[in-house]
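First chain A sits with chain B, and in the next complex the same chain sits with chain C.
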Partner chain A sequence: MLFLTVVLKNLLRRPARSLLTLAGIAIGVAAVVALTSVAWGFEGSWERAYAARGTDLIVTKVTSQSPMPAPFSESKRAELLRMPHVRQVNGLLSDLVSIEESPTVLVFGWEPGGFLWEHLHLVQGRWPADEKEKTAVLGVVAADILKKGVGSTVVVETGEYTVCGIFDSGALVENGAVILTLPQLQQVTENEGKVNFFNLRLDPGTTPAELEDLRAAIRARFPGFSAFTAGEVAQNNSAIRVAKAMSWATSLLALLVGAVGVMNTVLMSVFERTHEIGVLLAIGWRRSRIVRLILYESMVLSLSGGIAGSALGFAAVKLLQWSPILRGKIEGEVSPGLFAVALSVALGLGMLGGLYPAYRGSRLPPGEALRYE
Partner chain B sequence: MEARGLERRFDGGRVQALRGADFVVREGEFVAVMGPSGSGKSTLLQLLGALDRPSGGEVLFRGEPLGAVHDLAGFRARTLGFIFQSFHLLPTLTAAENVQVPMFEMPWPPRERRARAEALLAAVGLGERLDHRPATLSGGERQRVAIARSLANGPQLLLADEPTGNLDSESAGKILDLLERIHAERGMTLVVVTHDPRVAGRARRTLRMLDGRVVSDEDQREGAPCSS
Partner chain C sequence: MRSVRPLCAVGALGLAAWAAQYTADQLIARIMDAQKTSGFRTRARLIRTSAGTGAEEVTQLLIKGRREGEAAEVLYQALWPPAVRGQALVVQRRPGHAAGGFFYEPPDSRRPLTAELLARPFFGSDLSVEDLVEEFWSWPSQRVAGREALEGRACYILESRPPAGAATAYSLVKSWIAPDLALPVRIEKYFRDGRVAKRFTAERLLKQAGGRWAAARVVVSPAGGHSRTVLEGTKSERDLLLPAEQFTLEGLKNSLAAATP
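Moving on to the complex of A and B:
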């Protein structure tokens, strides 16, 4: 017989109670997995979008409240182009717009002929011919959500646009978006001559040190502006930051409840087994083995909860991804890394929940525990 | 093994379970401890088994005071075997597993633990009941499992507190036969607390207790302590 056999048989002694505790842990871990998966997936999606665009640096106005940075004058483009290592500058305007019945959709206005278009694959139709044309292209996911095809009309704010093409990008944030030419979006949102992002491409071979110098120079030249690398934009997006903070708070709460559940169960089973612990001590078990027995019990409990919770969490993300409201907006990341995080969290909970009961159990005086019936 | 002026008080001195018990048990002896209820027999056994500390006096094992032993758990695991009135088997484990519980303290691999448990259960006549859980065994069978468990690590001292107290007279007789045989075969010291005069009849020596003291010490075989 293995030591683990004793542990498992103890847990199976009260299957309903063990199962309920396991469920408590599973729900906590599922919340962590789902929220983290969405947060990581969202960040990853933006990173992939910027990487696919070939954007080295993004210049934008620093905002703290709004999820979209405020528009600013396009006139800074010429100045940006004169700065060292800057090869290309593309302005873009983005907004969250409610289109017809559907929930909000991300709408981009991109400069006609700019480098941003290069990474998109046309699946159907054609690109907008010029900036006069009132046409729009839809990402594959957006086309699906809005139920539009080539030739149909989408209404953005007060403007009506004919869908001239459907495209596919590597990144969900773009696949779920509608793209107009920059002048058309500027006009319909009354932001003539304004953009809210500049995408910069730098000379090939620009060193990290030169990049840092450039960022400092941009910040110095344009107060209130900032220059981010692709990875940092998502990290600095206030909406993502709020979402992450919320997900952490929720996770922490869920985990705390889980840990208290484990502690309660294990403590109860220690009290129930006071007499049994006395017997074990009488037949020569060391106190350290009693500690190990109790800690293992709580860790097996929470680890199984962690595995069940991970499965539950990943299933929840899949479900959320296909829900009508969130479809095309979130993309859960289901990675071994996240699974490892979930299991370590569960194991930590088990340790935390088992420590006090183990301490109590191992401190019982053997003679008295034996008399206890 | 020797008890010197053993005292044990409970509840801040209001209860005096032992009031200076003195005796010597020689190695390999079979000693019965008798006395009315409340005379301190169980308390005495717990002190001999290092499960409790005396309020006064001391217990010596092979000349060394138990109070000076650093690793009491190790002492209990390797040197002692305990048998209780109500068996105290772990309900979730099978007979073979129950016998293996004390073996975790020994450096034996799982296969050897299993083999030893099977051999011990065969020795107590339960070779056919290895995978039965305590609930599916009779009282006498449970006590046999408990005896096999007490022998798990090859103890030199076996302490039994009313091992036949919960059994009918037929099972009790068999358990006594078994204890007697084990004592004869393995030669360990055996101390049995009992109300049962038949147990006392089989022991070489009987200590009688009254009010926390040893009041008589009868050697049935005068001048012939068991050799080992």
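Moving on to the complex of A and C:
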């Protein structure tokens, strides 16, 4: 009989107990997968948005833990343009706004004719004609959530805008957004002359060392401001940081709770098989082989739970994405990397939970174990 | 040990608040001081839910206020749905005078706050216009009726009674005030026959910049339980300088004209 067959047969002796343990592990791993998927997806979505915009540096004011930095005067643009390697500067105002029946929607104000518009693909209608026109363009997801089409009106704060176009972007954060021209959003949010981000394009061929020098120069010239690369701005987003912290905390809890569950199941199984372990030792099995047998049992159990949990977690993310409250706001990442993390968590808890029972099983004196009834 | 210290500090703060003896005037003064600002702007959603059908009606609101000396003005303007878009209630408070103001209906209707208007529901919700206009903290009869812990928070129960002949639908307002937050966490308004008319419960208490506390969500439960209204703040700014023109009929007409395509 193959060693693995022995492992499987041992687990199937008590199918209900094994299944319940597996279900416990699966739920823990599913929570890890769902939270990590959302955190990674959110970060990835912002990174994709910035990369697609062709933004090399993002300058913003670091003031609070708020998801949106406080607006500041756009008069800094001229000074930024004079700095070495800076080719283009686009001011941007963004805000989370409760629109009509929807709780909150991301609203951007972009400079008409700026480079930020270049990566968007117009699906229907047209772009706003000029900064005076009271029009808005909606991402495909935002149009779906707000139930708007070209020609309908959308109320953003005190302003009423005609939807002139629907666009598609490679990033959910933009597809779920409403875009007005910068002057229109500034006016309607009473932030005239203010932005909360500058997107910078640098000269082609700017070296990493020159980029670092520029960042230092920006920080020195504008106290309280920071210059981030596309990846860093996502990592510094407070919502992403909270999601990541939650995902790590859940992983840790799942690991602990799962390990205790596995330990309990495998330990009970070892106690029930005391006599059998005695026989195995008596016929010449080494103690290390007993350790392996018990560890394999706990790892097979947790690995199966990890696979089931991953499937459950990915399904949960899909469900969350389509829930009315989160639709258009989260984009879970389903990747081999995340699957590997889930399996690592499962294997980790299997190993952790199996160590003590394996030690107990291997230390049984054969004579005493044989007499055990 | 480190994690225990903040808990002890919070506990000590609570105990200190509990042990301190506040008079009615001191409690009101704490609330008034905490609310003082040159100007504020808040975006909120007013959500009325029918108990029977579960149907929700959402009204998007812009609430703005400004203070000049002891005088204050507050504007409640509906942004959505289209049927009420632009309609606004302007409340004006001047020392030594009863609260006044007007109701604006586009394009140019301006109605003074009559008794009939005060009794009307505020944009179809369980709040009445009077709930926003009447400042019961300024009624002459105020007394501390006792103390009670709400959600583990030490609160003083303040009873406010209107003066004889006052144009109000209520005979008594009870407020559960948490002195450490300078905030009422529950308010009950009573009809003249002694029945509870409405209960206001503050939820999602948030500490804001400057250490002030505010409720991001207020649940209004009227007598009968046929419905409930939630006033949910989505964004808030304080210490703004807002022009007086924004609180006038002309200002409202101009802003609406500028906001329409």
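Convention: the second predicted complex is superposed on the first by the 371 of 373 C-alpha atoms of A that agree within 3 Å, B and C clash if a C-alpha of one lies under 4 Å from a C-alpha of the other, contacts with A are read in each partner's own complex, and residues count from 1 in each chain.
Please note the rule applied: contacts are C-beta pairs under 8 Å (C-beta built on N, C-alpha and C of every residue); 3 or more make two chains touch, one makes a residue touch a chain.
Values in this document were obtained by computation on a predicted structure and should not be read as measured data.
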Query raised in the report: Is this a clash or a fit when chain B and chain C both end up on chain A?
Result: fit
Report task. Look at A:101 in the shared chain and tell me whether it touches chain B only, chain C only, both, or neither; answer first, second, both or neither. Result -> second
Report task. Would you check which partner chain A:3 touches, where first means chain B only, second means chain C only, and both and neither mean what they say? Result -> first
Requested in this report: Examine A:322 and indicate which partner it touches, taking first as chain B and second as chain C; both and neither are also allowed.
Outcome: neither
Query - Contacts of A:280 with chain B and chain C, given as first, second, both or neither - result: first
Report task. Give one of first, second, both or neither to describe whether A:12 is in contact with chain B, with chain C, with both, or with none. Result -> first
Query raised in the report: In the superposed arrangement, does A:134 touch chain B (first), chain C (second), both or neither?
Result: second
Requested in this report: Just the number, please: smallest Cα separation between chain B and chain C in the overlaid arrangement, in Å.
Outcome: 47
Requested in this report: Check chain A for residues that touch chain B in one structure and chain C in the other, and list them.
Outcome: none
Query raised in the report: Okay, in this complex, where on chain C does chain A touch?
Result: 41, 43, 45, 58, 60, 62, 77, 79-82, 85, 209, 234-235, 255-256, 258-261
Report summary line: The answer for chain B against chain A in the complex is residues 46, 49, 51-52, 73-74, 76-78, 80-82, 84, 88, 90-93, 96-97, 100-102, 104-105, 110, 113-114, 149-150, 152-153
Report summary line: In the complex, chain A touches chain B at residues 1-3, 5-6, 9-10, 12-13, 275-276, 279-287, 289, 365-367, 370
Query raised in the report: In the complex of these two chains, what residues of chain A are touching chain C?
Result: 64, 95-101, 103-104, 134-135, 153, 155, 157-162, 187-188, 190
